[in-house]
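The letters A, B and C name the chains in turn, as written, and every chain counts its residues from 1.
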């Protein structure tokens, strides 16, 4: 896997986001490095405040003006951080489509649904009115809107949250993007609707052969729907790797704790839910060492002093930043765990 | 002629007064920005000048010639803003005008505050017909340009200092009443009001002791811009020739009487224009500053 | 369903609240003449009036009747579109008012249009970069503009454009039917003077509104689609900010009517303001009463239109 690899779509290298405050710079995200291959689904997991949304905003170049993004965010070989505003606008919506957390506020109530879907394709692909309309209606029916033609001409207030999120997905797909980012796209929806939307996203990713990033605080969401997993904690990447491997054999203590907090089907009913004691560190005073040290059962003195570097697996696909990792299990154990979580 | 943007401010304040703080909370003494310092300073200076104008040593009398007519400003006390077409000191006339204007507006505001606050509190406390009457009055005044109301009165009873005070007074009663009403309604079922009631306190006592103190901040913040509006209205009427009768100096009247000579002596109008614009600006700035602090405080609760 | 909607209900409520206001104002206007020291007829005719003159005036205008009776008579005539005759020229008040109102409305609408054209686009520019240098400068400039009374504006702009630059006529009015270009020229100074305050006020309100609309999620979505700033402003923010601008347009009607008194008297424009001033001088009660009534009607109608405007702008309202 080299930098110019044709199979790499998104290549983030040492990405940091710093907020300028009256008391000096505040690092919200530090040294985030990962790669996303084409046609691959990546899950980004972390508690609120871990820096998930900041990372996405940084990738999209949508950070507020008081936040500085440093590092390299390569999209198809072009660096999004260094590129001029106009070039970035030409990529957003075209190569990258995004679905946001709250469908109720993501659609402009004053603009017709159709307009909101085809404005990107008319801008980026220079489609004519009729072409864009035909494409938008096809998209609406693909995302499961019952009356796509009617929906196209309607204003958004007519639709429920789930329907609105489907419309938002159609909007994000208007230019056939190579990457679809879903930022907590189901968090605001009813539990019954959440699964439908996730299944839809997964299906679309397969059909359209695009890459996808699912951002979530909920491990269950990414379990069977992503190929790779990136775990963020306190503004840092603490573990990444193929989803199955991370699930089966987490190496970072935080990932392990997170996994054991997910209710599992193979445990007897009424088993007490495990939780992680303590709270994530305040970005105002993050410790010098590992951000998880204060809550970590295995923390040693040096965990508090210095930030552990990435340790890589034998094949280099699974990495974790921990001085006292969870011991790697034997082959038998891996299979058992993978079965239990799927 | 009152700046109509005040209506919007008034709405904000109605909303703000709906979130009363405990009676102990006061507007904290703020850190002021440069232009706010200027505004408070200018108003303080103007009030001082208006009060002390008769005893300022060496200041010429406003209605007697002091030097040559229509002189440009020069570096002396009486000539600082020049002289008018009758040779009178413009500075002296501006300061005496300030006394007249501020005096009239102060009385008018006192009338409006006293009646408006009382009516508004009763309307908010007892609701029913009192509230409907207060709303009707406020709606009526809001639908007429202030100048038209006063002109209609002047057409019948003629213009005098007393007419002007009363006429300006009735303009703002509705605004004050609405703010007081909103504040009372928001407090009616607050714990401290219910507690006072449970202890058998009389309505009058509840209104005066429990509710009134919480209305003060919102009312304080709306006074400066409304006073500015009254100053503009009074100035407009004087400008049109329906203000307090001459020879009493007034800013609007001074501007009006200089307009014929404007092409030859444009500097004549500088003094009174500066006086009224700076006064209105300062009062609006003070009002904004108070309203912002009030909102900040409510947000922090 | 349409009548259930909040905006339409608000419009209906506005009308319902307007009726008592109208009655109060018109009744007060009728009662006003009773406040006159001595009698109304005496006030109108002056010290030297003969008893015969007073009797004939009372016979024609009913100033000796009880207020209630006089008010009901006036209301009865109003229903038939009769506002009475002016005191001196004995013209029908309604016709006179119609002519004068046309002039005032022309000036008011031009001023509103000009202020919107200046204030709203500027707000769109600065709202996308709040706190920037232009933004700060404009906030300072507009807070001064809002502090300048109209009677100062007319003197300063009149001096500048009519005396120093000699671009525009200082006084007078040319009717549109006689000379359209001359009409615009004679309207220019009055319109400019009324626009100083209005443009600043439209700027302030729309800037604040745009700043808050730009915080909306759907604006972030629009940015994520790669839309350029001007498209986001025009397509996504503009309509959302309209209701607030509309409210200020409604409020500005009272300001513009009040401003017309100053502007029309200073530039000798025969509109409503000018008419009121001459009616005050001559104690022409029928004219004053008609103008007070007209003002209230304008106010109620304008705010009803504002409420209906909200309903038109907001797609969530379905106007059947």
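Points worth noting:
Keep in mind that, in the parts below, contacts are C-beta pairs under 8 Å (C-beta built on N, C-alpha and C of every residue); 3 or more make two chains touch, one makes a residue touch a chain.
Values in this document were obtained by computation on a predicted structure and should not be read as measured data.
Chain centres computed from CA atoms place A at the largest separation from chain C. Two chain pairs, A-C and B-C, are compared here, and B-C has more C-beta pairs in contact (counted per touch definition above). Rounded to whole angstrom units, the spacing between the C-alpha centres of chain A and chain C is 55. In whole angstrom, the spacing between the mean C-alpha positions of chain B and chain C is 23.
In the complex of the two chains, the chain B residues touching chain C come out as 1-5, 7-8, 35, 135-136, 139-140, 142-148, 151-157, 228, 232, 235-236, 239-240, 242, 252, 255-256, 259, 262-263, 266, 269, 273, 276-277, 280-281, 284-285.
Against chain B, the residues of chain C that register as touching in their complex are 17-18, 20-21, 24-25, 29, 32-33, 35-37, 43, 140, 143-144, 146-152, 155-156, 158-159, 163, 197, 201, 204-205, 247-248, 251-252, 254-255, 257-259, 261-262, 265-266, 276-277, 279-280, 283, 285, 288, 291-292, 295-296, 299-300. Residue ranges of chain A in contact with chain C, taken from their complex: 60, 62, 88-94, 96, 98, 100, 102, 105-112, 115, 119-120, 123-124, 155, 157, 168, 171, 174. Residues 216-218, 220-228, 231, 235-236, 239-240, 313-316 of chain C are the ones touching chain A in the complex.
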